[in-house]
Amino acid sequence: MNMASAPAEIVAEPLLSLSAITKRFGNFTALSDVSLDIRPGEIHCILGENGAGKSTLCNLIFGVHRPDGGSMRYRGASFQPSGPADSLAQGIAMVHQHFSLVPDMSVVDNVLLGRQRGLLNRAECARQLEKLAVDYGLPLDPFAKIEDLSVGERQRVEIVKCLIRDPSLFVLDEPTAVLLPDEIAALLDVCHRVASSGRAVVLVTHKLAEIKKIADRVTVLRGGRVVATSDKPAAEIDALVRAMIQGNVDTLDQSAASILGLEPVKHIGHGTENDNTPKTKVEALQIDGLTVRDYQGVTRLDNFTLTVDRGEIVGVAGVEGNGQSELTAVLAGMMTPSEGKIYLGDINLTAKSPKEITAAGVGIVPEDRHAVGCVTGMSLAENIYLNRLDEFTRFGFLQRSALEREAAALMQRFDVRARGPGALFSSLSGGNQQKAVLAREITLPNLTCLVAAQPTRGLDVGAVAAVYSHIRAACERGVAILLVSSELDELLTVADRIVVLYRGRIMGSCVADPDRREAIGAMMAGQPQ
Amino acid sequence: MTWELFAVFLGSSIRLATPLLLAGIGEMVSERAGVLNMSIEGMMLTAAFAAAVGSWATGDPMLGLLIGIIAVQPIALLQAVLSNTLRANQIVSGIGINILVLGATTLAYREIFGARSRAEIPGLAKIKPPLLGDIPVIGSAVFEQVWLLYAGIALIVATALVLRYTSIGIAIQAAGAEPKAVDKSGLSVTRIRYGCVLFAGFMASLSGAFLSIGDIHTFTEGMTRGAGYLAIASVIFGKWRIGGTVFASLLFGAATALQFQLPALGIAVPNALLIMLPYLLALLAVGGLVGRQLAPATLGEPYRR
Amino acid sequence: PIANAADALKVGILIPGSKSDKGWMESSYDGLTAAQKKYGDKIQVQMIENINYADMDQALTNLAGKNDLVIGVGGQTQASVYKIAKRFPKVHFSIVGGNEGESAPNVAGYDVKQAEIAYVAGVAAAMLSKNGAISYVGGLEIPSIVNAGKEFGKGAKSVNANIKYFENYTGDFDDVAKAKEATLAAIAQGADIHYHILNLGLRGMEQAAKEKGTHIIGSYTDRCGSDPLYVAYSITGTGYQVQYAIDEAVKGTWKAGYKEFGLKMGPEASGMVICGGTPEQKAKLDAVMKDIMSGKITVLKG
Amino acid sequence: MTTTDQQPSSAAKLTSKFGFAARPALLVPVLAVAFAALVGLALIAAIGVSVPNALAAFIDGTLGSPYAIAASINRSTVFALVGFGFVLANRANLTNVGGEGQIAVGGIAATAVALYGHVDGLPLGLAFILPMLAAIIAGALWGALAAVLKVKSGTNEVISTLLLSFIGVWLLYWCVQSPALLRKPMTSSATLPESLEIPDETKLPLLTGDYSFPLHIGLPLTIILAIVVAVLLSKTVLGLRLRAVGLNPVASNRAGISYTRTVIFALAMAGALGGLAGALMLQGEQYTLKDGFSSGYGFDGLVAGLLSRGSVTGVIAASLLFGFMRSGGINMEMVAAVPTALVVVIQGLIVITLAGATLFIERWERK
């Protein structure tokens, strides 16, 4: 392994080589002096904190952005794509970090977009999809509308869109963040197949387990620079993580290390493990027979009953799209349940407005932080206190300096890194945005219950660790915590108890014990245990 | 109401609906791709003027129509540049174009026609389709119409087929719903949107020509009188679908035609109310009768990578 | 201000609509042009057209500040003229199409009396109609236009008590398509002679009549012989009134107050002609006109 | 690296100093207007009018007399009020194009109260204040109607406010046509379809009391409202809430900011300002209500709002530009025989060039 030095001796003519690439957005430098080679036949992983420049790098390769300095060579020739069309024509395909699918069009139409001229031959395309499904194990209903698909299926569409072009360089930007273990395994398998035939794969991921499993080589980015590369990533994973976060792995929250694959999954819970004093159970959140039907009358959540005690972390497991979103939306007051009751202690919170729910002491970390969690066009300080603006109001006037002072203090406490409390929220990296939302919800003055949905999705190791330690600290203070996650490892590590959702119903529940992994997995697939 | 009167009412509704229909379909395609053309009104007026001048000067209404179509394209191009390349607010630029065209056509009309204001302007021919046209009473009152109307219907059907069955069709829909997906599939969002605005201009030019040399063979200052805005309303009323837009245009046409039938039937309704009727109906329609409208996700937003 | 005859008379004219509207405004503008031709350097003219209500005060103030005589074309200028006239006591104001009512020492209102001639047109229409059905299309539903419609119907009924009469108001003097559809609706009811008070909208009526083989009684302009569509025409002399105002001011005989410009003022101000009409028809029309002037037949104002 | 340094965010910069922030990119709009003016002059020359004469007439018409100045400013206040309303609603990402209809219903309400509300004789200026209040309320309701449609059935407010404009204008036509409504008593069959002149006490007091300089209290009122709107947008929690809802209604709702209430508030305020503009037109100058009363001023105000790019100062600048331009145009036509259509062309050009220049202004500001 060479720390920030020239790449190792040339093994083969690289498929793609970047030299001294620089990319600026305005006066912010997202990438500086980045050089790296992608060799034929390899799976090249990119590792880095949120905001390190990984997506920017991928977008440069795919022609979405153009570099401000440096040069690229592809298959031995100079490569200057002026748009995705150029890259696609050269056999480069990319799965983006965020979906770019047309929601009200079918799978076939999405796949055909930009691929065919003139009359569409949908039947032919459907046949091709079927063949791909067999070859790569990626089944899809070609005529389903995207908006009716689960997140995992949508990701499959994105992948199939690329594979159908038979790419020689396949770039995947955090494709596994929203996938289930099985789906991840299938995807890694696809990567192997692509790479094995002399083509290459660039894979961006935060999950160290995946790197250990399939990476041939790893490049670590930090602050837009290459800080490490490795030809034997599996063996050097600790050093790579250290380079990435520029700190000691030992200081990380144990559970973070565990779920990111640095250590085998083990239940850590929240209390100090040797604290055996039995806690008195105080029921905080009671959900009784909650049923939610959507506007078409389809039952999305069916007779959901659950109690969360103070000082307890209950995990809600399940494949995405099985009612988790509806559960959080109802708890957040963004959706009205068709039946059932929600109580917080003695306070009836059924069908109350978000404002009343917040006032009652329920914090919500929504699953979609951009759509529901924050207003990206406003400042960090404004976002942190968006639900408590009244506290900074005098005669209707906003006390901006007080607001920013308080926000700055909170930034310090929660280690939210930004230019200052006045920084535009959209200028923060994903991890810092999530920390800010968490800070807002967890510091509600009378917090008794916290509902956190997918709180660590897409976050880097350091950020994940920070989120866990804050959740754990809240729990210590006696807050009841409902943790909704599609990462089973996360729940097994952090929660006390797990309930499994399947098609809107509770399939079963059990204590969070890594040994029960198989059983929980089966419940997630709809088999009662 | 006698059959004869009813037939006149139908024919009148169709004629009054045609400009909205033609312009509306073009606008619908453009809005599907994400561009809102408030300038439809101005494009129609340009075509009405240019077609009238062309037809008058050459004596051939076909040439007039062609000149009308050609004259609108620079206006459409201006709208496209403003809303895609310069990323200007689409409502402002549209209104600006409407103001400019109103002034320019009035000025030019006076320069050209000033003294010869009663000059005969040759108009497009009418056709009576076989079978339909032979139906007693209704036949000629309803179906004997300017051929441009039938050509327009054919164009609308063609547009529907293109949207449904061709790669251009899905690209247009995707450009409004998820332009990123279009960009990343190697197509140019900008080019698609330019194309759609030019198409909207083309349809608006047919609509404008229909106004001046189709049905009434004359040009008058500012003769579109808000028809362009009603065309936009019919797109929204029609929920950005071809069928819906056609239905909405016909409804507005019928509401306007009613204004002439009720007095003939001796039914006394305040005239203001009758004139207001199309707008009132449109408001009721967009205000809930047709249910929640889901506009193309990025309608009105310029795309930037 | 008109004391010094050696100085040119300064005339300001406000045409609220378009001076080329084929109707009221254009006819007034023609009157102005005729006066300019007649007087040459003896008058100096400033004109403002296409003005809306909110800007009318300013337009009239500007005109009044620089001219000796200010002419407001159309009843729609009346309220503004009376308001501004108070602020310019030395300037003379004439309103073409002014109504009886208010009075001011420096404002003259010239009443066009469209209803009067419309009655005569109704008589002509009844004589010309073969189907026993006639129609009228008005622009805005305002008194002078509505009264003209009513009198047109009354005139026709005086000849043929069973005649069918249809009237319609499109809400816009200039909307061609609406005028056409309104005429077509009347034709479907059997009407074969159409009268109107429209400006640009008249083109629509012409289209409808041409398509269906019916005929029009024109107003404002003589089209006998030049267009077979027209079987008769009435004269509403708005241009004559403009000329009258200028004539009076030039002569120094300009007088404030209400003045009727009906049949009494002669054929240039108001008249009715059937193209190639028979002597009997002409006699009938003359008789009706005489009865109106003598007060034997009373018609609405406007 | 947690810092507490107080660098203003770009968003904060835009709205600092009561929204009257000095903008570095003033040059671009000035250039845009200059360009349009040059094209206009070229056109004037092309149709054979002497350019110096036309220019002299234009200047004389705008600044040549106290009357011209006052008339221009009075007109600008109407544009500005509609523009402020636009900017306010636009902060919540709502596009109110209904100024014309709001002016119309404002005019109707003010006329009704001034004529039949038994207000003359009331002390403390209530005689003219009450009609204005009625106009404000009517405009607010008209605006709120579009808001209710938006929150209840998701109706796009661009189209609903546009349709409400047409409806308002025809409603006014109805009111002045019908003797049962606001039309003056039909003493003769020739009575014009307009309202009676409103009583003197209900007319807006002139600042100087002299019709040769007819500035009325609409000007101070507009200045006060400019400050109120600017402060509201930049210094108050309400302003912040409008912005939040505009940027992300769902997240704002989650944070306890009512989408429904905010949207209704924003459009009702815009409508109220439009209604007040109608009152100024009626009580300040026209004094009688007629068909065509609104005169397209609602659309000019809209354009002023659209071109302001969200700033109250911008609205004022654009309103003054349009207000004075119209005065100059009238005089150019009268004295130099420049057709009004040409003034319309120049106005259209200005709107287009300003709209097209936005990108350059933004680039400049980012530097």
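All chains are identified by letter, namely A, B, C and D, in their written order; residue positions are counted from 1 within each chain.
Going forward, a residue touches a chain if its C-beta (ideal position, glycine included) is under 8 Å from a C-beta of that chain, and two chains touch if they have at least 3 such contacts.
What you are looking at is a predicted structure, and each value in this text was computed from that prediction instead of being measured.
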Pair of chains whose C-beta contact count is the highest in the structure: B-D
Distance between chain centroids, defined by C-alpha means - subunit B, subunit C (Å): 35
Between subunit C and subunit A, distance of the C-alpha-averaged centres to the nearest whole Å: 77
Distance from the mean Cα position of subunit B to that of subunit A, given in whole angstrom: 47
Multi-partner residues of subunit C (at least 2 other chains): 141, 171
Interface hub residues of subunit B, defined as touching at least two other chains: 106, 110, 271-272, 275
Shared interface positions of subunit D, touching two or more other chains: 173, 177, 341
In contact (per the touch rule at the top): chain pairs: A-B, A-D, B-C, B-D, C-D
Subunit B residues within the subunit A interface of the complex: 165-167, 169-171, 173-174, 177-178, 180-188, 305
Subunit D - residues contacting subunit B, complex: 47, 95, 97, 149, 152-156, 158-160, 162-164, 166-167, 170-171, 173-174, 177-178, 299, 302-303, 306-307, 339, 341-352, 354-356, 358-359
Subunit C residues touching subunit B - in the complex, by the definition given at the top: 18, 20, 22, 26, 141, 166-172, 174-178, 180-182, 184-189, 200, 203-204, 207
In the complex, subunit D residues that touch subunit A: 1-12, 235-241, 243-244, 247-248, 250-258, 366
Subunit B residues touching subunit D - in the complex, by the definition given at the top: 78, 81-82, 86-89, 91-93, 95-104, 106-107, 110-111, 226, 229, 232-233, 236, 270-273, 275-276, 279-280, 282-283, 286-288, 291-295
